[in-house]
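First subunit A sits with subunit B, and in the next complex the same chain sits with subunit C.
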Partner chain A sequence: MNSGQANGALLSLSGVEVTINTLSGPVHPLQGVDLDVYPGETVGLVGESGSGKSMTLRAILRLMPPGGAITGGSVKWQDRSVLGLDTDELQAYRGSDVAMIYQNPVSALDPMLSVERQIVDAFKANRATSDGVAEEFARDALRDLEFGNPDVILNRYPHQLSGGMAQRVNIALALACGPSLILADEPTTGLDMTTQIRVLDLLEQQVHARNAALLFISHDLRAVSRVARNIGIMYAGQVVEFGPRERILTDPSHPYARALLECMDLRTGERPRSIPGLVPRMTEEYELCAFRDRCPSRMAACDEEPLPVHKLGRRRRLLCHLGPHHG
Partner chain B sequence: MVLAVVLLAVVIIGFTITRSTGTPLYASLGVAVSEAIIEQRAEEMGLNEPIVVQFWTYLTHLLQGDLGVSRISRIPVAEDIALKLPATAEMVFFTLMVSFIWAIPLGVRAGLRPDGKLARLGEGMAQFGVSVPAFWLGLLFIFLLYFLPPRLPEPLGPLPSLFPPPLGRVGSGITPPEMVTGLYTVDALIAGDFRLAWHTLWHLILPAVTLSLTSGPPLFRVTRSAVSEAVSSPFVEAAYSYGLGRRTVLIRDVLRNASPPVLNLAAMTFGYLIGGGVLVEVVFSWPGIGSYAVWGMDNSDYDVVLGVVIIAAVIYVILYFIVDLIQFAMDPRLRD
Partner chain C sequence: MAKSPILEVRNLFKTYRVRRSIGLVETVKAAQDISFAVERGRTLGIVGESGSGKSTVARCLLGLTPLTEGEVLLDGNQLGALGVRKMRSHRRMMQMVFQMPQASFDPTRTVRSSVAEPLRRLRSDMSRTQQDERLAEVLTAVSLGEELWDRKPRALSGGQLQRAAIARALAPDPELLVLDEPTSSLDLSVRGEILSLLQRLQEEFHVAFVLISHDLEAVRVCADDVIVMYLGQVVEEGTAAQVFGSPAHPYTQALIAASKFETDSFELGPKGETDPTAGCRLMPRCPLAEEACSAEQDLVPSATDGRMVRCWKVS
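And then the complex of A and B:
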C-alpha cells in the first residue's frame, strides 16, 4: 500500500487553508493545518466547535461547502496531491482511499433508500462486482457490526432506525468502500452514553480488523482518548499541539491544551469550567497566535512574532512561543 | 372514503352557491313574457320545490351519472362536458408538457447552480410569467406572430389571410379526427393521419406555451427550492464521500428527494388549469370546459355550472389520489 515516500505517511496535510465566501464576507475556518496520519494508526482531533475540525475532514475529501475553497497548503495522499486530482480521480479517491462517517447518523442516510441499496451502492461504487456479491457483503458487514438480524435491517429505511443503529449502518457504509483511512466526524455526539461506548468500540474493532487508519474528531476529549493513539488539539483553524495520547492527556505544552484539560478534568469532580475570553472569530486571518488574548502565559513575543513551529520528536509538534513544557 | 366526503362537500357548496345567484327563468325565457308563463316554467323546472327537495333530486340524479340538462340549449350537461372536457384536458396536458420542458430543467439547474446563467434565465421567465395575465400574453402572441409582420406585396395581401393564426382546435375547413379519446392529437394518430396530428399539435402550441409561461413559474420555483434543499442535505455529501459520481448522486439522491413537492404542484397546476385556463380558451377560441362554464354562468344555467364544478372536483380528487399513490410508492416514510 505504501510507496516508499519520505515520511511514510498515508495522509499528509501541510499548511491547509480554507476560505468560504459568504454574504457577509469571507470566513477562514482553516488557517494552516498540519497533520500526518500513518497507515493503520488512530489519530484524534479535539477542539471547540468552530475550531475547524469538521472542515479539516472536508478538506481531506475535497468536499467544500458552497462558496468554499481550499486556498492554500497541500493535501497529500501517499505523496500524491489530492488537490491536483481531476473529477474521475477524485471520485476514485473518495471511498476507496478515504471514507467518512458523519456526525448526524440518520440525516447522513438517504431517507428514500433502503439500507441494503445504500450499502450495495457504496460497495459497487468502489469495485467492479456483481449485485449478488455486494448484497452478500452488506449482510456480512451488518453482522460484523453486531446486528443480530441483518436481513431485517437491510430492508429497513433510515427513519426506522434508532440513532445507534443508524450510526452502525453509517460505519458499514464507510467500510463498504474499503478505505485505508476512515474519517469520523463526531460519530457518537448525538448518542446516549452506553450507545456511544458501544459504537466507539465497534468502530475501533472494525477499523483495526481491516488494518485501516482512523482520524477521529470530537469536542469530547474522553471519546477521543478512548480510541486515539495520537491526539491533536485544534484552535482557530490550526493544530496547535500534536502528540501521543499519554503526553497530551497528562502534560500538554500549549496553554490552550492545558486549559482544555483543566476544563474537562474529571478527577477533581468539580463542574466543568470554561476558558475565559472569547472564542476567536474566523472572519479574521490570524498572523499572530490566535489564543494570545485568552492566554494566561502571554509574553511580548506573542504580540510581535508569528507562531514558531516546534518539532519535538517524530510525532510531536507544538505551535507556541512558550516552547515545550517541562515539569 | 375521504374522496367521497370531499366530493359531497363540493356538491353541497356548489349547489348552494349556484342556487343563490338568482333565477334562471328570465334568462331562459326573456323578460317579455307573462307571469303565467314564468310560473308554468318554474313549475316545470322544479324551482317551486323546497331547496332541500331540489338538492335531493339533483343528488339522486347525479349518483346515476345524470348532471342535468342545459336550460338554454336543452342538451344534457354530461354530453356537452364529454365533448368539451377532452379539449381542455388536451390543452392542459400539453401545457404541463411545455412546463416540464422549461420549468423543471431550469429549476433543477437553478437549484444546483444558484448563481448560474440558467438560474437567472429561469427566474427572469418566472418573474415575467407571474406578472403578465395569460389572456393578454395569448393576444400578444397572436398579434406579434400573425398581425405585426408586414403586409406582403399584392396579390398576397396581409399575412393573417395567408397564414391564419391557429385558433380553435383545428383550422376552418379541416375535419377533426374520428372521436376515440377526444384528444385530437391522439385520435389523429390512431387514425394514422400524421398530417392531421401535426395540424392539431400546431393548434395546441400557442395556447400551451401561453398557459405554461403563466402557470409554470411556481413549478420552476418549487423545483429550484426542492433541489437546492436536497443538494445541501448531509446524505448528498455522504454519497459523494463514498465515491459515487455526480450523475448518480443527482438521480439517485437529489432528484428523488426533490420530487415530492414538484409532483404535488404539477397535480395542483393540472387541476387548476382545468377551470383556470378559461381566458386563454376564449382568446384561442378553444371549445373547452372553461368557456362552457362561463357560458353557463352568463345564462344562470345552474346545471351547466354545477356540472363543470363537479367534474373539475372529480379530476382534482383523482389526480391527488394518483399523486398520493406515486408518493406512497416512492417515499418509505409515508408507508409507515
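And then the complex of A and C:
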C-alpha cells in the first residue's frame, strides 16, 4: 500500500458522518466531511472547539471514541476503503501509512521507556531490521530535528524533556514509521510562542524531506498557514471552505471564514470583534446551513434549501448559498 | 493631594525551593525585584512566556503566596501588615478572574449562587436586598441572559461562563481586577466578545486591571502600560504604544515577531536547558549577545523615550 497512484489522492474523505451514542442521546460531530490529501502535500484544517477537526483525524485512523461509529460516507486510502480493512490491515495502515502526532507531547510518550527505546521500537515495528540500524535512524532523526547532542537525548526519559523537546521526539517517532501521511493534532498548542514556530518549521522541513504528506489541524489559523499550502475551514462537522492558503488568508468566501479573520484582526482604539451567537451543539443533524443563525449574510435560501457545494477549480470548494466572494 | 495608585508593588522578590532529586534542593528565583504601579481605571499588561514569572506575580498580588521580600500596597496600605478583619475589606477591593471558567465555578451550584458568594462574604455592610440588586446589576452589566442565571455552569458555553466569572469578580465593587489569561481557553470567535466587555466595564465601573496574558494582541489593544518578563525579571516596561510600537529589548522583539508568526524578522535561539543565574538571562538565546552581556544588567530608562529596558545594548 505504499506507492501512490498517478494523480490520485493519497487520502480521500467523502461525506463522512460520525455518530456517538451518549447517555443523553446521539451526537453528530461529523456531518459530511469531504477532504482530499494528495501525495507530498500539506493540508491544514482550522476550526473552533466542537467543529469536528479532531474527530476527522479519528475517522481517518478509524479510532472511534466509546459509543462512536462512522455512520456514513467513505474514507479511502489510495482508492482502498479504510472502513473495509481487517484488524491486521488496519494495524499496518496505522503507523506505516498514516502516523499521528498528538497535542500533548509529554503524555504521548511512554514514561517508562527511554527516547531511544521508543524510536527504535517504532522503527522496528514496521520493518524487519536490526537494533543497530534502528539506533542509527534514531540518532539521525534527532539530529535532523536540531538536537545538538542526540546521544544525550536518546538516553533520556520523557519527564526529562521540555515540551518543545518532547514534541520534536514525537515528530521523530512519527517519522520512524516511514508514513506517507502524517496527521498532526494541534502539535504546538501548549508550547511557548517562540518554541512553537521552531517546531512547526522543523515538522514541515522533515515532512518535505521525506516526501510525506501532512494533515495539520489547529484552532490557530496562523499556525496552520505557516505549514499548510491548502487550508480547510471547519464548522459544525463540515469543511465549509477549502482552498489555497493565500486565498483563505486574504479573501475567503464563506461568511464564517471572513468573520474569523475579522476576529483575529485586533486594532487599537476599536472594540475587538466577535461572532455573535453560539456554536451548535451537534445533537441534531443539519439539513440546512448550520451557521445561518450567526451569519451576517443570511438570505431566504439559507432557511429553505440544503447547502449547495460549489466546486471552484481543481481544489477550491465552498459550502454556501452566497457562492464565491468577488471583492 | 494626588491620589495614590490603586496598586503599587515595590521590589517584590519570590524564591521557591524545589527538590530536584534526593539531597539536591535548588532555589528558583520566580520573581526578582519587580516594581510597578497601577493607576485607578487603567490597565497594566504583563506578558512573557511560561516560566517568566507572570503568574507568580499575580499570586503574590492576591496574597495567595507570601512574598520573599518586598511590598504590595493596595490603595496605599501594605498588604502583609493587615490584620484579618482589614484584609477582608481589602479583599473586596481586589478580585481575580481565572483562565479556565469551567474550573473556577462550583459545578453543583447555580451561576447566580456562585456570583452572589463574594457579595455575601465581603459586603456584609449591604442589606440582603441591596446585595440582590447588585447581583442583578453585575449580571446584566456582563450581558448574561437572565435565563442562564439559575442554570448550572455546565449549561453555559465557555464565553458565557467567563462573563459570569467577570460578574462575580465585579460584584463586591472592587477597585482592581487581576485577570490571568482571561481569553486563553476561549475560541477566537468569543475572544473579542470578552475583550470588548472588559473595555466597556472599565469605562463603566472605573476599575483598574492587571491583565496577564501570553496573547500579545489582546494586551496590545487593552493595556495602557505593559511589562515584559523573562525568567523572573522585568526586561522592558513602558506604555503599550512604546512597547508594541517599537519594542526595544531583544526578547520583546522576538516575542512580538513570534506572536505574529514573523520569524524572519528576529529570532531567538532555542530555550536553554539550564538558565544563567547571573548577567543577562537571555544571553544564551540572544543573537545580539556579546561578552559585556555577562555582567549584571539593570533596568534603566532608555535615552529616547524614558521607557525602562534591561539591556545595555539598547538602553
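Quick notes on this structure:
One rule holds for everything that comes next: the second predicted complex is superposed on the first by the 313 of 327 C-alpha atoms of A that agree within 3 Å, B and C clash if a C-alpha of one lies under 4 Å from a C-alpha of the other, contacts with A are read in each partner's own complex, and residues count from 1 in each chain.
FYI, a residue touches a chain if its C-beta (ideal position, glycine included) is under 8 Å from a C-beta of that chain, and two chains touch if they have at least 3 such contacts.
A quick note: this is a predicted structure, and the numbers were derived from the prediction, not measured.
With subunit A as the common reference, the superposed partners subunit B and subunit C fit together side by side.
Once the two complexes are overlaid on the shared chain, A:194 sits against subunit C while remaining clear of subunit B. In the superposed model, A:209 makes contact with neither subunit B nor subunit C.
Once the two complexes are overlaid on the shared chain, A:94 sits against subunit B while remaining clear of subunit C. Once the two complexes are laid over each other on the shared chain, residue contacts for A:299 go to neither subunit B nor subunit C. Draw one line from the C-alpha centre of subunit A to that of subunit B and another to that of subunit C; the angle between them is 80°, to the nearest 10. In the overlay built on the shared chain, the residue A:309 is in contact with neither subunit B nor subunit C.
Closest approach of subunit B to subunit C, taken over C-alpha atoms in the A-based superposition, is 6 Å. Residues of subunit A that touch subunit C in their complex: 48-49, 146, 162, 164, 192-198, 201, 219, 221-223, 225-226, 259-260, 263-264, 266-268, 270-276, 278-279. The touching residues of subunit C, when paired with subunit A in their complex, are 49-50, 157-158, 187-193, 195-196, 199-200, 214, 217-218, 220-221, 240-241, 254-255, 258-261, 263, 268, 270-271. Against subunit B, in their complex, subunit A makes its touches with residues 61, 63, 66, 87, 91-96, 99-100, 102, 104, 107-114, 121-122, 125-126, 157, 159-160, 170, 173-174, 176-177. Looking at the complex, you find that subunit B touches subunit A at residues 232-235, 237-246, 248, 252-253, 256-257, 330-333, 336.
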